[in-house]
Amino acid sequence: MLPPVFLFLLLTLLSAADASVQDFCVGDISASDTPAGYPCKDVSHVTTNDFVFKGLGKAGNTSNIIKAAVTPAFVGQFPGVNGLGISAARLDLAPGGVVPLHTHPGGSELLVVTQGTILAGFISSANGVYYTTLHKGDTMVFPQGLLHFQINAGGVTAVAIVTFSSPNPGLQITAFALFGNSLPSALVEMVTFLDDAQVKKLKKVLGGSG
Amino acid sequence: MLPPVFLFLLLTLLSAADASVQDFCVGDISASDTPAGYPCKDVSHVTTNDFVFKGLGKAGNTSNIIKAAVTPAFVGQFPGVNGLGISAARLDLAPGGVVPLHTHPGGSELLVVTQGTILAGFISSANGVYYTTLHKGDTMVFPQGLLHFQINAGGVTAVAIVTFSSPNPGLQITAFALFGNSLPSALVEMVTFLDDAQVKKLKKVLGGSG
Amino acid sequence: MLPPVFLFLLLTLLSAADASVQDFCVGDISASDTPAGYPCKDVSHVTTNDFVFKGLGKAGNTSNIIKAAVTPAFVGQFPGVNGLGISAARLDLAPGGVVPLHTHPGGSELLVVTQGTILAGFISSANGVYYTTLHKGDTMVFPQGLLHFQINAGGVTAVAIVTFSSPNPGLQITAFALFGNSLPSALVEMVTFLDDAQVKKLKKVLGGSG
Amino acid sequence: MLPPVFLFLLLTLLSAADASVQDFCVGDISASDTPAGYPCKDVSHVTTNDFVFKGLGKAGNTSNIIKAAVTPAFVGQFPGVNGLGISAARLDLAPGGVVPLHTHPGGSELLVVTQGTILAGFISSANGVYYTTLHKGDTMVFPQGLLHFQINAGGVTAVAIVTFSSPNPGLQITAFALFGNSLPSALVEMVTFLDDAQVKKLKKVLGGSG
Amino acid sequence: MLPPVFLFLLLTLLSAADASVQDFCVGDISASDTPAGYPCKDVSHVTTNDFVFKGLGKAGNTSNIIKAAVTPAFVGQFPGVNGLGISAARLDLAPGGVVPLHTHPGGSELLVVTQGTILAGFISSANGVYYTTLHKGDTMVFPQGLLHFQINAGGVTAVAIVTFSSPNPGLQITAFALFGNSLPSALVEMVTFLDDAQVKKLKKVLGGSG
Amino acid sequence: MLPPVFLFLLLTLLSAADASVQDFCVGDISASDTPAGYPCKDVSHVTTNDFVFKGLGKAGNTSNIIKAAVTPAFVGQFPGVNGLGISAARLDLAPGGVVPLHTHPGGSELLVVTQGTILAGFISSANGVYYTTLHKGDTMVFPQGLLHFQINAGGVTAVAIVTFSSPNPGLQITAFALFGNSLPSALVEMVTFLDDAQVKKLKKVLGGSG
């Protein structure tokens, strides 16, 4: 058997090598972000809880018009993913529920259906249309930055786990970007070919001004 | 003065080091692409012309409905940028011309106005609206993957040089993605909140089916 | 309303820009891999099915000694993730089931429990121990390259969806790397401090020679 | 029509997802840089002006010996490009003007001639020479880190827009690196094979000491 | 000869371009790390010494049980490598010395033997075994994240220079991760298949509790 | 003890996961390079020898004018480093030996002196000069793309191991780029400020034409 002195010596060996080792970088989200993510929380304050997120177990509230809820576990909610190139969200779609057309500017998405049936698809730059009906256990990948959507395709609530190739993939819902802000109606019409009445109607619904 | 033998010896020194040196990788666009770009053309066949693109000097044809033309110098047209993280395009906007709302899934865009006046802007994930009028020499940057547009804001043709942080940034025009393909109208309506009549009208204009 | 000529003209506008656009790169896994992934399948042969994987809906066979099964949806099984920085797998753990200590050399892992209870943890370079019991819906992230494990911590089969920040994260099970190959016993003992009897016993069990 | 309650609910949906979304990271250049760029300015203080740079519209002052001027829009002058992998500069070359041999250690360069005629070229690691005369609208790409130059090749002032695959590409002018600092003459001679008189002459001109 | 005015003008030309140039980013290791490395030390305080590390010239103390010493020059000891994608260490192996099985989660390793003889090897994810005896001047590369080891294979002290493709590659010694911390013995046994007696014996030797 | 059936079952578990695992990608240097490196050699043909390079143990031939030799172990000579972000070379400097001013466009360099004394330094974009005398065991890092040099500073042959943050860093020796090719003398003079006589003298020595 190795003598106890081993412990002390191996610790010495390691102590030099381990100085500043960065296996992970739990985000200090109170500090300023950088292009590569948040500064790291001091490792002496890191605990197991930093690597665990409990919010995806609870159904999102779908009592809304789109009958859908997205519960994100991005770096803002789950600082343990900072710098690790991955994050997650839970998607709840009540019957009739829709996640409207949107993009994630910062990452690709991988969706796994865990309950129900979902009609999902994306559109490529070359204007190709790729959509299908996904059942429990089916997985679909949506390449970075492309327009995509998810719709409940069954009579019961559908649930999916979605993950992203970025701790902070972003979410830009097209309808909200067009109609839910101060972009003037005339400008929206010019860049979308939509009719004035249509734009003004949706601006009213989605809270846009101008 | 150094004796002539130097040449031979230095060449020998270099010949070992230079084997397989990859300063550049002019794309062999006849071969299959990879996630990092095209395989490299044999360096012995590379000439200065591979690094030069002459198409941006000629005005695009704006005799169309949007009164706009985009002339790309992406890797498909300009194989010398393969693997170099940059590409370009020329934008012509006749009076009244518009580049409709679009994204580049694969890169950020930097626009420099070289003639005329352009109203340009983008919308952030947080639904912030950033737009302004750009004059000759003004530069604007559009972060990767975000919806943006450009509109001629003067009485004469406007021209801009746009460059991208990718040899192949992609281009997804929202109206075309919505109305210019086989995505069924009912589906488009569900994911955009647009009215049926509006969708069908634009599908007819933009050539969509379904 | 815009005249039909628009279609032709916009198609022309797009046709130039779309040449060689690489929104995605479905892997041609019959070709040689590269450090950035497989060459792209010709886009004209790409269908929706390339972006869908149906294997995660079916329980893995846990009728084995470790009472566990891993069903991967890495690029080899799911070529649509090629170049997209993400992949997935399904983990089934029957009661008593264990995924032995292992690493993924090429990516971080994010685990979401979809059924049952799992004791999961990892060990840092600084020899910190981070483990906890995860219930349905709980998520844990395991930073790239660090030793980690998952154990069924309840009386019923547990299931998890795991995703990775790489299309091809790799999987190195420590016990198998030590005892399941031709690495000579004497060498294993030197580099692990394990006793000769222990090494030889496990080599026999795990099929190692030498 | 969707009831107004929609707005509140969609805002709720978005508010969770949008927390910490990093579409862009306008550089706070008063803070310390990092290897990935500057920390981000608080998004609530970001305005359209952060994404606009007006300095490239004005001719640089070429009333100097090299009859050339470079007006940079790098991250230091244009904080909006921070983290976006792109930046720009304007190049003015009066008749007889020269941008001396130089490299950009941190990025590739793409040049578009907007006025006049420019003789431009680069030298590869394998000592290949690639140079040509560029006219208005011609574009040339200079791969990262390689020696290159630009010379006015016409009788009138030439202007070019140059962009880079980095927000901070750097600029190392060979003559200035050799003769414009405190590197001792003897040392310069040893590493360049230049004659002592030549080195001392240029050190005097370019302000070098030693 | 160029007139002295040249100096002033060229300095002006450069002063604009050089603002914020980031050729290097010597790490301020007193500040919080980020996923891309430490914030940069102010360039006005950077000296040649920041780019020089003198610790690899001195033999490590191998008067320990494993008769081995690792002297790291990672970013924590050598802040000049911050952001540069490289670091180094010195390895001393007295006769009988062993660097136990370990991984570097964050980078590949390249080893050059500078004295003596070393038996070195690694194990792949596919459980392939790659090992050989290295003599003075021989070089071996160990791909990122894979288990590997080094053993003195001669009668005299062996020395190697090892470098890494990361300023902070990490070091996880398997035996220490298993037996040198608070991971409960029962848990270790489950995830490794080791016998209880073996685990407890090594926990005692390596200082583990539980 | 675990029954032998374990082996078969664990192998089954692994066989799925291991399909297409890419721990490493030994370069098939007979195939076309890509921007990310060479296609991978079939893993079934990979042997330990692919990860070992024996050429750095032998002194380079310094019987030349610069009394220096560089022996590279880049991907062209050492295909095992393909895709791993690291490579190496041996530097021999006889008394009076010089590695002339040069850059590596594709990577940072880390030098470790293993014999003798070397005067080494680099020049920054901001024209800062960083040089010092290195003794046996001293290490210096040269940031990517910056001009640097090494000179024997003692009376005996000096040797160094240099490694790079790229499998293919490139090597551009300034004097050779200026005087050793077909770049016309007049052009060299314009972009360097050197005198005609100096340029023509060195063109003759270094084999340049024009």
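Just a few scattered comments:
The chains carry the letters A, B, C, D, E and F, assigned in the order they are written, with residues numbered from 1 in each.
Keep in mind that, in the parts below, contacts are C-beta pairs under 8 Å (C-beta built on N, C-alpha and C of every residue); 3 or more make two chains touch, one makes a residue touch a chain.
From a predicted model like this one, the values you see are computed outputs, not experimental measurements.
The minimum number of touch steps linking chain C to chain F comes to 1. Annotation of chain B and chain C: jointly contacted by A, F, touch as defined at the top.
To find the repeat of C-F among E-F, C-E or B-C, check which pair has over half of the same contact pairs by residue number; it is B-C. Contact tally for B-D versus D-E: the pair with more C-beta pairs in contact is B-D.
The chain with its Cα centroid farthest from the Cα centroid of chain C is D. Distance from the chain B centre to the chain F centre is 34 Å, each centre being the mean of its Cα atoms.
Distance between chain C and chain D, defined via averaged C-alpha coordinates, is recorded as 41 Å. We define each chain's centre as the mean of its Cα atoms; on that basis chain A and chain C are separated by 20 Å. Taken residue by residue, chain C touches two or more other chains at 2, 14, 18, 21, 23, 31, 34-36, 105-106, 121, 124-125, 127-128, 131, 143-146, 170-172, 176, 180, 193, 201, 205-206, whereas all remaining positions touch fewer.
Across the assembly, chains come into contact as A-B, A-C, A-D, A-E, B-C, B-D, B-F, C-E, C-F, D-E, D-F, E-F.
Those residues of chain E lying in contact with chain F across their complex are 2, 14, 18, 21, 23-24, 43, 46-49, 51-58, 73, 78, 80-81, 84-88, 90, 107-110, 112-114, 121-122, 124-128, 130-132, 134-146, 161, 163-166, 193. Within the complex formed with chain F, the residues of chain D that make contact are 98-101, 103-106, 119, 121, 123-125, 127-129, 131, 143-147, 149, 151, 170-172, 174-183, 187, 190-195, 198, 201-202, 205-206.
Those residues of chain D lying in contact with chain E across their complex are 29, 31-36, 64-66, 68-72, 74-77, 89, 105-106, 168, 170-173, 176, 180, 201, 204-207.
Those residues of chain F whose C-beta lies close enough to touch chain C in the complex are 1-7, 9-14, 16-23, 25, 28, 31, 34-40, 42, 82-83.
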